[in-house]
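Common to both upcoming complexes is chain A, partnered first by chain B, then by chain C.
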Partner chain A sequence: MINRLIVYRALVIGAVIALLEVLCLTGVIDKITMQPPHQIARDLYRMLVSGRMNGAILKTLNNTLLALLLALGVGIIAGALLHRWRGVRDTLDPLFATYYAVPVFAFYPFFIVVFGLGDVPQILIAFMLGVVAMIVNTLNGLDRVPAVLLKTARIMRLSPVDTARRVTLPAAGPYIVTGIKLAVAYAFIGVIGSEFIMSRGGIGYEISFAYLNFDNATMYPLIVLILLASIVINAFLSRWEQRLLVRRGMR
Partner chain B sequence: MNSNLRRVRNAVVLIAAIVALWQGLYWWVGDVALASPLATLRYTAKLVASESFDTHLFDTLRAFAIAFALSVVIGLLVGFWLGFDRLSGDTLEPMIVAAYAIPKLTLYPILLLAFGLGISAKVAFGVLHGVIPIILFTLAAVRNTKPILVKTGHVLRLSRSQMVRWILFPAAVPEIFTGLRVGFALTLIGSLLAEMFASQRGLGYLLMNGIGLHNVELIMSVTFIIVVFAAAVSTLLLFIDHRLHRRT
Partner chain C sequence: MADEQVRLRAVDKVFVTGHPPAPLHALGPVDLDIKRGEFFAVVGPSGCGKSTLLELIAGLSRPTQGTIEFEGRPIGNEPPDGIGVVFQDDASLPWLNVSDNVAFGLRRSSLGGAERDERVRNALTLVGLSEFATAYPAQLSGGMRQRVCIARTLVMKPRLILLDEPFGALDQQTRLLMGDELLRLWRQTEATVFLITHALDEATMLADRIAVMSARPGRLVDFVETHWPRDRDSRIIQDSEFGAITARLWKTLREESIKTIGQKIGAAP
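On to the complex of A and B.
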C-alpha cells in the first residue's frame, strides 16, 4: 500500500514536470517567463559544477543555520519557562496568535541602522520569524505530556534534570520536531527575504539581481535549489517525527 | 464572566508591556532607527488623513479580500475532496504538507514574471500562502469525523450531498474554522509580502517605500496600522474559534 502511494506521488510530480515542459516547449509559457524544466536542471548542474554561486550559497546557508540554532535554543527554553509561568503565558497568547500576520520584515531597516548592513540583521529577522513557531510547538508538546508519566517520574524521585531528560523531552519530542520543521522554513524565509530587500550577497541577493537582469538561467536554478534544499530537510525531519510518534505509540 | 475579565486584563498588560518596550528601545537607539509611540500615533493620524492613503489601503484590502475568498473556496473544495477520497488524500497530503514548509517567498520572481506587477500577482501570492492551511485543516476535519455520525448518515440513507450538508460539514466546522483563522493570517502576510516585493501600490508598497527612503515614521506607522488590523481580526477569530470548539 505504502509503496503504491509512493509510485502515485512520483507519477503526480512527473506529470506536473512533463506538463511544464510541454507548455514551455510549445510556447504557451514564453521563454522570458520560464525556461523548460530540463534546461533549469542543466543550468543548475552547470552552476553547481562551476562553483560561481558557492559563496552566495554558503553565506545564505550559514546565516540560516545560525538563525535556526538560535531559534531552537531560545524557543525551547522559553517554551519550557512559559509552560511553568501560567500567567505570563496567558498574557502572551494573543501575541503568539497574531504574530505571523505581522510582516516581521518591517523591522529589518531598524536592525540595519542598529547593527549595520551585515549578517546580524538578517539572522535576527530569521530568528524572530522562527522562534515563535518553536515556542508555540514546545508549549503544545509540553501540554500533551501524559500526567501519568509525570507522576511516575515523581514516584521514582527523578531530579528535575532527569525528569526533563527522560520523561518530558521524549514525550514532547514529536511536537518539538514539528516546531523545528516550521522554524527551518521560517529561517530560510527570513534570511532570503532580507537578502531580497537589502544586502551585499547571498542567494536572495543573487536571485533579485538575476531577476532585474532577465537572467533566467541563474534565477530559476537558484530558486529550485532553495526549494529542493527545504523539501529534503523537511522530508528528513518528517521521517524523524514519524519515528518518534511510532516509538511513543502515538501512531 | 470571570475569564472574560481576565482576558481583557491580559490584553491590557500585553499592550502596556509592548508600548513600554517600544518606548525603552526608542530611548536607547533614538530617532535614526525608531519613532516613539507618540510620534508614530501622530504620524499615523496624518497618514490616514492624507489623500493618497485611501487608494493604498483600498488596493491592499481588495487584493486581500479576493485572495482570501479564493483561498477559502479552493481550500474547502480540495480539502473535502481529499478528505473523502482516501486514495487521493493519502497520495497528495504529504506533498501538500511539504509545500506548506517551502519558503514561498523565493517564488515571488516567478509570480512576477507570470502575473506582472498588478493585483493578480498579489492575489496569487496571497492564495499561495493561505490555501494550504485551509486544505490541511479541512482534510483533517473531514477524516476525523466520528464514525458513528457517518454510520448514522448511512442508516438514514443520505445521499452524498446530504451527507456533506447535514453531517460532515457541521461536524467539521470547528476544525475548519481553525483552518480559516490560520489561512486568514497567512493570506494577509502573503498579499502584503507580494506588495512589498512586487507592486506599485498598497500598504506593503508604502512600507517598502519607507524602507527605501529610510522614512522611519512612515515604516513605523504602516507597520502599526497592519499590526492593529491583524491583531484585531485575529483576536475576534480566535474568540469565535474557542466558542466553536467548546460547543462540541
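On to the complex of A and C.
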C-alpha cells in the first residue's frame, strides 16, 4: 500500500515536470519567463561543477546552521526554565500565542542599522523565527511528561539538572523533534529571506541578483537547489521523528 | 526498638484544593511502626488515602502534622536513600531499552561498569526478563513493564520497597504469579516490603501483617497478622486460614467501603 503511494507521488511530480517541459518547449511559456526543466537541471549541474556558487551556498548554509543551533540551544533551555517558572511563563504566554502574527522581517532594517550589513542581522532574523517554535514545543512536551516519571526521578534522588537531562527532556523528545523540524524550516526562511531583502551574498542574494539581470540560467537552478535541500533535510528529520515514535509505540 | 524501620506518629495530611480553596482532610491521624524485613500490606476502599500514605513514607510529600522517621531519622523534603518505590502507573522510560531502564538509577553510583552490569543481569533474571534486555518498553506487555520497574528498584538494593498497587492493571492469573515472584524477591533481598492494594486476597496471600484503612480521612482501623511461614507461595490460598483472614479483612473493609460509596447500598435489605 505504501509502495503504491510512493509511486503515485512520483507520478504526480513527474507529470508536473513533464507538463512544464512541454509548455516551455512549445513556447506557451516563453524563454524569458522560464527555462524548460531539463535545461534547469543541466544548468544546475554545470553551476555545481564550476563551483562559482560555492561561496554563496556555504554562506547560506553556515548562517542557517548557526541560527538553527542558537534557536535549539536557547529554545530548549528557555523552555525547560519557563516550565519551572510558572509565573514567568504565564506572563509570556500571550507573546508566544501571537508571536507568529508579527512579521519578524520588519525588524531587519533595524538590525542592519545596529549590526551593519554582515551576517549577524540574517542570523538574528532566522533565530527569532525559529526560537519561539522551539520554546513552545519544548513546553508542550514537558507539559505531557507523566507525573509518575517525575516521582521516579525524585525517588532516584536526581538533581534538577539531571532530572531535566535524563528524564523530562528525553520524555518530551518527540515534541522537541517537532520543534526542530519547524526551527529548521524557519531558519532557512529567515536566512534566505533576509538575503533577498538586502545582503552581500548567499543563495537568496544570488537569486535576487540573477532575477534583476534576467539571468534565468542562474535563478532557476538556485531555486531548485533550495527546494532539493529543504526536501532532503525534512525527509531526514521526519524519519528521525518516525523512529522515535515507533520506538515508543506512539505510531 | 532497633528493628523498627519506619515510624509514623500522629501523621495527618490535609490538602487544600478546589475553587474556592477548601481544606480536604485526606489522611490521619496515623500511628504506625513497620519492622525491618516485614512484609506489610495496607488495604482500603478507593480514595481513602492509601497512596497519600505511601507518598508520605517515600518522602514525596510532607505531612501536615506529625512525624515520620525512616531508620531513626526524620524524613525531610526529599526521599531518603534506601527507599525504592514501584508505582501503580507504568514508570518505565520509553526511550531506554529494558537493560538501560534497569540500570537507570545506578548511573551516578560509585559502582564499576562490571559490577553494574552484573547487578542489572541479576535483576533481569530475578524478574524473568533476561531475554528482553534489548527490547523497548513499547514492545512489552503491561505486566512485563511493571517487572522492568520492579527490577529497576531492586538493583538499587533498597532496604524498604514501597509498592503502590503494582499489579492493579494485571489479570488475576498474572497477579497470582507476580505475587509469587514478589514473595521470592522479598525473601532473597531481605528488604522490608510495604504494599498497597485494594485486593484483599492479594494482601492476605502476601503479607505478614495487614492494616485496614478507613474511609477518608484514612486511618488504620484494624491490624491483622497472618502468621504465614516466610517460605510461602500463592498455594496458601487453599489454606483454611486464608479464608478466615480475608473474611476478617472484609468485615472491617465492608463498612468503610460503604461509607465511601454511599449509604444507600448498605441500607438496602
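We take it that the second predicted complex is superposed on the first by the 249 of 251 C-alpha atoms of A that agree within 3 Å, B and C clash if a C-alpha of one lies under 4 Å from a C-alpha of the other, contacts with A are read in each partner's own complex, and residues count from 1 in each chain.
Note that a residue touches a chain if its C-beta (ideal position, glycine included) is under 8 Å from a C-beta of that chain, and two chains touch if they have at least 3 such contacts.
Since the structure is predicted, the reported quantities are computational estimates derived from the model, not experimental observations.
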Touched partner set for A:R157, first chain B, second chain C, both or neither: second
Chain B versus chain C as contact partner of A:A171, first or second or both or neither: second
Partner chain in contact with A:M34 - chain B first, chain C second, else both or neither: first
Touching partner for A:N54 - first (chain B), second (chain C), both, neither: neither
Contacts of A:N213 with chain B and chain C, given as first, second, both or neither: neither
Chain B versus chain C as contact partner of A:R248, first or second or both or neither: second
Broader residue contact with chain A after superposition on the shared chain, chain B or chain C: B
Chain A positions touched by chain B in one structure and by chain C in the second: none
Contact footprint of chain C on chain A as seen in their complex: 146-149, 151-152, 154-158, 162, 166-167, 170-171, 173, 244, 247-250
Chain A partner contacts - residues on chain C that touch it in the complex: 55, 58, 60, 78-79, 81, 83-85, 87, 89-91, 93-95, 104-105, 107-108, 136-139, 156
For the chain B and chain A complex, residues of the former touching the latter: 6, 10-11, 13-14, 17-18, 29, 32-34, 87, 90-92, 94-95, 97-98, 101-110, 112-114, 184-186, 188-189, 192-193, 196-197, 204, 207-208, 210-211, 214, 216, 219, 222-223, 226-227, 230-231, 233-235, 238
Chain B-touching residues of chain A, taken from the complex the two chains share: 5, 8-9, 12-13, 32-34, 90-95, 97-98, 100-103, 105-110, 113-114, 181-182, 184-185, 188-189, 192-193, 196-198, 204, 207-208, 211, 219-220, 223, 226-227, 230-231, 234-235, 238
